[in-house]
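The two complexes that follow have subunit A in common; it is paired with subunit B in the first and with subunit C in the second.
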Partner chain A sequence: MSYYFAIIGTKDNPLFEHEFGTSRQGGDGVARFREDARHMNQFIVHSSLDIVEEVQWGGGQMYLKHVDSFRNSHVFSFITGGNVKFMLLVAPDTHNASRASSASTARSSTYGQVSTYNPTAPSTEEPIRNFFIEVYDAWLKTIMSPFYQVNMPVKSPVFRGRVAGAAKKYL
Partner chain B sequence: MAASSTGLRYPSNKKTIYDRNINRTKTSELSRAAFAYLFVEMITYAQRRVTGIADLEKRLNTQGYPLGLRLLDLLLARTASSATTSPANLRPTRILPLLQFIHTTLWRHLFGRPADALERSAANAAEYMISDNDPLVNGYVSVPKEISQLNCAAFVAGVIEGVCEGAGFATDGVSAHWAEGAGGGEDMWPGKTIFLIRFREEVMEREEILGRAG
Partner chain C sequence: MASTKAARIGEDVWKTRVDKVNAELVTLTYGTIVAQLCADFDADYAEVNRQLDKMGYNIGVRLIEDFLAKSGTAACANFRETAEMIAKVGFKMFLNITPPITNWSGDNKQFSLIFDENPLADFVELPDDGRAQDELWFSNILCGVIRGALEMVQLQVEAHFVSDVLRGNDTTEMRISLIRIIDDEMPPDDE
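Moving on to the complex of A and B:
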């Protein structure tokens, strides 16, 4: 599974982007987006923002769960108190060929079935919630910096490390 | 991490802001004298080259605004992590929870006690008032007679404005006023200050739609 994570500011401006692959089931944590479809991720996430703005006034939850799907990509969202959106695009692998290089070939067979990926199942939602909450913790620390102003891109390598760490831990 | 190649400089204790605990509150009380001194300096700084009271209050407001944006997220996260019953992170989506958050949570964090009153303006439905009988920020500020209109709690008004706008409740400004002539309590509390919050039309519209949806 491949993931594309973006933090979107209050003016729909991207503040942070990160791509990674799953570390579960013997995954090596490298994103495997098709090179010709990679730029689509930004478009898909951007178009999902409209839906986030619709549902954000619903229950007051920060974790908005699964908000949108486009073909084989599913978008999950989390919104902070300050209206900054965390968007996570999940793309289950479309072909087993890319998994062949993986060390655990035995497991990849149970893993490669795309049709079984259910974005609203609790087993899918929970790890993503944990991921978001850990990123939120790092995000809070970022905005606590007196030198950080709202809607400023985040360039800190430490922050990127925290996101990567949360991704490795939960996804 | 190759600190030299990224140009990243670590503090001498090797602890970046990311290594600090976000929930450490026990020992975080600050000296009031230090705050008073700092606040006086902030007022002096804001007072340079201002044309009038409104201008000065605007500057104080601007100083408080970013503080509100930060405190909103910080306090929401802290209340979420301390509530053992519901670990869900909640954001205020309606006006009342937002104002209660300001009145209670924010005030308690900043001044160690909740604000004294929260009212809705009788004249205008989009206006709300939070009053504080004795604002901590004004404790050591004595305003000269010729600018007696000035209320340095405009700084706190800026914090409130930051919280409201950060949460997605656009305002036409939050201002701090002396309670004189507003009736009630000004004899007992000479320093009583009213923070007037004016929400924008679109916020009221949304509030109405959300109210109808239940």
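Moving on to the complex of A and C:
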């Protein structure tokens, strides 16, 4: 699995981006998005924002679980009290390392592959919830810094480190 | 012996005679002041340090009165005792921390306070403009407080930070040096 994590500010402005791969089942934590599809992640997450805004007033929960899918990418969302949105895009690896060298094989398998990934299974939702909660904790500490202003992009290496730590721990 | 006595007084005053406020209120208020100073002086960090020291000085000259009233302690016999009082009663009373005293100089006129925890600097990350890490002493107000407070009890000192965890150092260390004991002097003539 490859993950793309983004934090979206209150004016739908991006504040933070981070890509990582799974650390489960011997994963090395490196994102394996296809190079020519990587930029799509931002579009997919951006288009999911509308759905987040639809469901955000529904349950009063911060964790909105699975909100959107596009082809075989799934978007999960978590919304903070200050209306900052954490978006996590999950995509199955479309090619493994051995096939990465051959561009043509990789391409043919990109959209044809049927994913067995179930985004609404509790075993999927729970680790992502834990990940979001840990990031939320780090987020609070980061925005409490007096030198941070609302809706300012987060450049703190400490925060990035915490996100990477949470990713490694739960995903 | 003096050391445990100071610690006892500190604990006692903290428990019985001090009004508590939310720590985050203090942290955020102080952080906002520093951030605003940085904005007002266009990130001239040397000037920010100076302003913080000045603000601290003005707090210190008032705070000593409160300190003496609440702690009920008498004059210290020597500078070592003063150090104990600052660390174990003063800091305990106002910030609920007791920074250890280390690195005494041979002539007993200089010592360091090591701040393992610093309530003023919780959550803080210095701006990454390449200069703040080298120039700004975030908690510089504390130097001014100590300088101001001690001046009111006839001790002229110089206090400055030599390292700060916010800058990436291992410890936060403040160096305090006794310059002279101020004798009771006649006020200078107006000339």
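Note that in this section the second predicted complex is superposed on the first by the 151 of 171 C-alpha atoms of A that agree within 3 Å, B and C clash if a C-alpha of one lies under 4 Å from a C-alpha of the other, contacts with A are read in each partner's own complex, and residues count from 1 in each chain.
Assume a residue touches a chain if its C-beta (ideal position, glycine included) is under 8 Å from a C-beta of that chain, and two chains touch if they have at least 3 such contacts.
All of these numbers come straight from a predicted model, not from anything done at the bench.
Q: After the subunit A overlay, clash or fit between subunit B and subunit C?
A: Pair status: clash.
Q: Can A:79 be said to touch subunit B (first), subunit C (second), both, or neither?
A: first
Q: So which one touches more of the residues on subunit A, subunit B or subunit C?
A: The partner that reaches more residues of subunit A in the superposed model: B.
Q: With both complexes superposed on chain A, which partner does A:57 reach: first (subunit B), second (subunit C), both or neither?
A: Touch status of A:57: first partner only.
Q: One more residue to check, A:136. First (subunit B), second (subunit C), both or neither?
A: Touch status of A:136: first partner only.
Q: Please work out whether A:150 is in contact with subunit B alone, subunit C alone, both, or neither, and reply first, second, both or neither.
A: After superposition on chain A, A:150 lies in contact with subunit B alone.
Q: Return first, second, both or neither, reflecting whether A:162 touches subunit B, subunit C, both chains, or no partner chain.
A: A:162 sits against subunit B, while subunit C stays out of touch.
Q: Subunit C has the stretches 1-9, 73-81, 91-99 or 163-171; which one runs into subunit B?
A: With the two structures superposed, the offending stretch of subunit C is 163-171.
Q: Going by the contact definition given at the top, which residues of subunit A touch subunit B in one complex and subunit C in the other?
A: Touching subunit B and subunit C on subunit A: residues 141-142, 144-145, 156, 158.
Q: With touch defined as at the start, can you tell me which subunit A residues reach subunit C in the complex?
A: Those in contact with subunit C are residues 141-142, 144-148, 155-156, 158.
Q: Mind pulling up the subunit C residues that touch subunit A in the complex?
A: By the definition above, subunit C touches subunit A via 24, 27-28, 30-32, 34-35, 38, 122-128.
Q: Please output the residues of subunit A touching subunit B within their complex, sorted ascending.
A: 56-63, 79-83, 133, 136-145, 149-150, 156-159, 161-162
Q: Taking the touch rule as given, give the residues of subunit B at its contact with subunit A in the complex, in rising order.
A: Going by the criterion above, the answer is residues 1, 6, 8, 16-18, 20, 22, 66, 69-70, 72-74, 76-77, 88-93, 97, 166-168, 206, 210.
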